[in-house]
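Common to both upcoming complexes is chain A, partnered first by chain B, then by chain C.
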Partner chain A sequence: MYDPTVARLTYRALLGRRRALILGALPLLLIAISVVVRGLAGADDQTASDLLGGLALATMVPIIGVIAGTGAIGPEIDDGSVVYLLSKPLKRPTIIFTKLIVAIAVTMVFSALPTLIAGFILNGNGQQIAVAYTIAALVSSIAYAALFLLLGTVSRHAVVFGLVYALVWEALFGSLVPGARTLSVQQWSLAVADKVAGGDLITSDVGLTTATVLLVGVTVLATWYAGQKLRALTLAGEE
Partner chain B sequence: MAVEHPVTTPSGDQTRIHNIGYRSYDGPRLGRAYARRSLYSQSLRGAYGLGRSVKSKVLPMLLFVVMCVPAAIMVAVAVATKAKELPLDYTRYAIVMQAVISLYVASQAPQSVSRDLRFKTVPLYFSRPIETADYVRAKFAALASALFVLTAAPLLVLYVGALLAKLDFADQTEGFAQGLVSVALLSLLFAGLGLVIAAVTPRRGFGIAAVIAVLTISYGAVSTLQAIAEAQDSTGSIPWIGLFSPVTLIDGVQSAFLGASSAAPGGIGPSTGEGVVYVLVCLGLIAACYGLLMRRYKKVGL
Partner chain C sequence: MTTLSLDHVSRWFGNVVAVNDITMTVGPGVTGLLGPNGAGKSTLINMMGGFLAPSTGTVTLDGQQVWRNEDIYRHIGIVPEREAMYDFLTGREFVVANAELHGLGAKAAQKALATVEMEYAQDRKIETYSKGMRQRVKMASALVHDPSLLLLDEPFNGMDPRQRMQLMDLLRRMGDEGRTVLFSSHILEEVEQLAWHIEVVVAGRHAASGDFRKIRRLMTDRPHRYLVRSSDDRALAAALIADPSTSGIEVDLAEGALRIQAVDFGRFTSLLPRVARDHGIRLLTVSPSDESLESVFSYLVAA
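And now, the complex of A and B:
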């Protein structure tokens, strides 16, 4: 199910040349802000929770997920070079699965790791906040990568739709319409984080069971469907 | 059109040059300004998907509608309840709807420049009588105009609605004018930032994500820091933090000079002195974007 050559090519497409630098800028910014906040406000659990929840989990993880998830397959379909990959004797689901693994790994490295570091800078893992948010980031990385990889195979405007989901649905609708939060990767991962941290600072609107079922369901379904999409891929010309 | 063939073959010599009737063009030449205007109007139309496929019309039109609908609802409410004033200031509207504006810039800025880079059509543009400055100005002006249309249309809806609801004319006109100035500044700033980022990468998807990341992450970071500064009672630093994201920059300019109330935590806007810094930074950023674009296109495809 895992093909090292495809993985290597995908890593290079995602991180080659200057792209790793651009991807790395976001985590660096998060860490820089944590240092500033620690200097300004000192170690404070509420502040740490706000910053990690508002900036890291709500904004940074989805954006990196969009870049890694759609970037793992989107550009190849876009410029047509995916036919060279598809013409190799590899199962299409294998290609998707490999690309998913790479996308998950990249998202985790560039979002969960900085979250952990930022958490330790902010309050030295007081009340398990750093660890809880890191777990939330890890869990949501998997779901986001699968979801956005699927979008990459479905639409040529995958990045826009991914961002609309992450910013408009989760952030805007989620804050206005409580029902929208049930269908939000961010809340599902917060439910898991809530269980781990056990404190009052991290809350989720979704129960742990629902969250886990939905997380696993979305990931598996999205990966399966992306494989199906790739089996019957039609290459469209530029609009 | 009769083509003359003055072919006279000297006897004995077998070499001859056929005149097959090619003519040089001697009609009117429309020149640089015309080419620049064409590029501008094409880019502006392209920013709303006009003259392109149906699929590429969907997103810009959808965002345009999403921009205008809340304004229409506010007007309807104001008319129905006979309110004394609109529920939202003209200057505040763009700040509230910033997610939509950011998405629009992110989707249309790469559309405007990345594809030219990717399909290597930029050298073709420069084979026409336009120069780097013309290309950059046309693209910049087109995206800024498109953004201005996007941001000014809901203000117009609000204004017309306010007049229909018989709100105070002078008051509303002043607010509308202030709103227009602020969205004009916002359009220039966002268009510049979007184009600079998009012009770096020939990949459309990556450009979109990069633009969104710059616009939303900077706003998220700045508003988080401002909230913390307010909680720490160091309110003096709030305006200075606001300088570091485009949205709060516009917010600061309009709360210092355009009679808006600041959207910053605690409603603490910059003072007049700090407002001057805001205006300078804002104009400086726009000029810097223009300069960077000029530099970017100095040697494209050569």
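And now, the complex of A and C:
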């Protein structure tokens, strides 16, 4: 199911120059803001939770997920170089699964790790806030990577759709329309974080069971469907 | 022996028919797929390579379906027309990756790089390669698993004459070894120099198939049209029409020229200057009016 050569090619494409800069910029921004906030306001659990929930989990993780998830396959399909993977005796689901693993790993490294560091800077992991948000970031990394990998497989405008989902749906509708929150990766991962942190600093609109089922369901379904789409991928000619 | 068979294959995109009911068999040796730009050659090659489903009909390789059959790629090597190819890798890394994806190692990659004579630049990044070097590395990646069928989409596009000759030698060698090699081109001369057998596609339809010389003769023997201006058009017309190589002459008053239809190309081209000289007529313009590849092809379709 996992092909090391596909993984190597995907890593190198994802972490090549420009994309690595974008991937690195957001985490650095988060850590810089955390240092400033800690310096100005001192250690405060509520502030830490607001910053990690509002900036890290609601904005940074989905954006990193969009870049890593769509970037793991979208550019190859766009420029046609995916033909070198497709013209091999490789099962299409193996290509998708391998790319998913890479996208998850990259999203986790560039979003969960900085969340943990930022959490420790903000309040030294008081009330388990840093760990709770890190786990939420890890969990949502999986679902985002799977969703955006599928998007990268089916659409040429994956990055735009991905950002619209991440910023408009998750951030805007999520806060305005209660129903939208049930269908939000962010809320599902908050349910997990809520369980870890206890207390009432972290809350989710979704129960833990529902959240777990939806997280697993979305990840599996998106990955399966991306494999099917790749099997039927048509490479348009130059004509 | 590897035989690629297309059986009543059509492909349409929305309302546009790109490939219209084509049946052909491609066997060992070098076959040229000839047709003007937009004739459906790439669509055909994509279907032959399993990257596009036929709307109707079937594409099979030695009886096995090509579409949705990953195992078929053990036997097929593909050289796509598009340039993109993991430019951030070196040539060697790229070919090694292709070998690994076939379950092979660095040794197979090295052999393929040697075959295309790219060892000297194998450690340079692909993004620094010229068009011809890219083409050769693409070839190496297609040859790495020693395929019995090689599909190449417009492989000579943008190559300089020396690179073109090298690639032709290589493909000829592949054909001599008994591989089935199919390449597409819109340039008659390329196909003439390389292919043993040609398939002509025009506007999505299979226009001709067979031995190149036969088709070439058909192309040369077709009626040629010329636009001729001279110091005495009518006298020239009268002298030319007496010869059987000319089948029709129209005096185009608006253009101030003769429109001549010649049926015997060789004879007409030597007749015209001789007749002009004998009658003391000066030729001012002699231009073929239907030499474009498209008109050659449309003649073939009608034939």
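The rule is short, and it goes like this: the second predicted complex is superposed on the first by the 234 of 239 C-alpha atoms of A that agree within 3 Å, B and C clash if a C-alpha of one lies under 4 Å from a C-alpha of the other, contacts with A are read in each partner's own complex, and residues count from 1 in each chain.
What we mean here is this: contacts are C-beta pairs under 8 Å (C-beta built on N, C-alpha and C of every residue); 3 or more make two chains touch, one makes a residue touch a chain.
The model shown is predicted, which means the values in this text are computed figures rather than measured ones.
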- Query: With both structures lined up on chain A, is it a clash or a fit for chain B and chain C?
  - Reply: fit
- Query: So, A:Leu230: does it touch chain B (first), chain C (second), both, or neither?
  - Reply: neither
- Would you sort A:Ile135 into first (chain B), second (chain C), both or neither based on which partner it touches? neither
- Where does A:Leu150 make contact in the superposed view: on chain B (first), on chain C (second), on both, or on neither? neither
- Message: Once both structures sit on chain A, report the angle chain B, chain A, chain C from C-alpha centres, rounded to the nearest 10 degrees.
- Response: 70
- Once the shared chain is lined up, is A:Ser81 touching chain B (first), chain C (second), both, or neither of them? second
- Pick one for A:Ala103: touches chain B only (first), chain C only (second), both, or neither. neither
- Report for A:Gly71: first if it touches chain B alone, second if chain C alone, otherwise both or neither. first
- Contacts of A:Ala41 with chain B and chain C, given as first, second, both or neither: first
- Item | Lowest C-alpha to C-alpha distance for chain C against chain B (Å) | 5
- Message: Based on the A-chain superposition described above, do chain B and chain C contact any of the same residues on chain A, and if so which?
- Response: 79, 238-239
- Task: Mind listing the chain A positions that touch chain C in their complex?
- Result: 3-6, 8-9, 12-13, 16, 79-81, 83-92, 231-235, 237-239
- Query: Where on chain B does chain A make contact in their complex?
  - Reply: 52-53, 55-56, 59, 99, 102-103, 106-107, 115, 118-119, 203-206, 208-210, 212-213, 216-217, 220-221, 224-225, 227-229, 231-232, 234
- Which positions of chain A touch chain B when the two form their complex? 19, 22, 26, 29, 33, 36-37, 40-41, 47, 50-51, 54-55, 58-60, 63, 66-67, 70-71, 74-75, 78-79, 157-160, 163-164, 167-168, 171-172, 238-239
- Query: Which of the residues in chain C come into contact with chain A in the complex?
  - Reply: 18, 37-38, 40-43, 45-46, 49-53, 68, 70-74, 76-78, 80-82, 84-86, 88-89, 97-98, 100-103, 141, 153
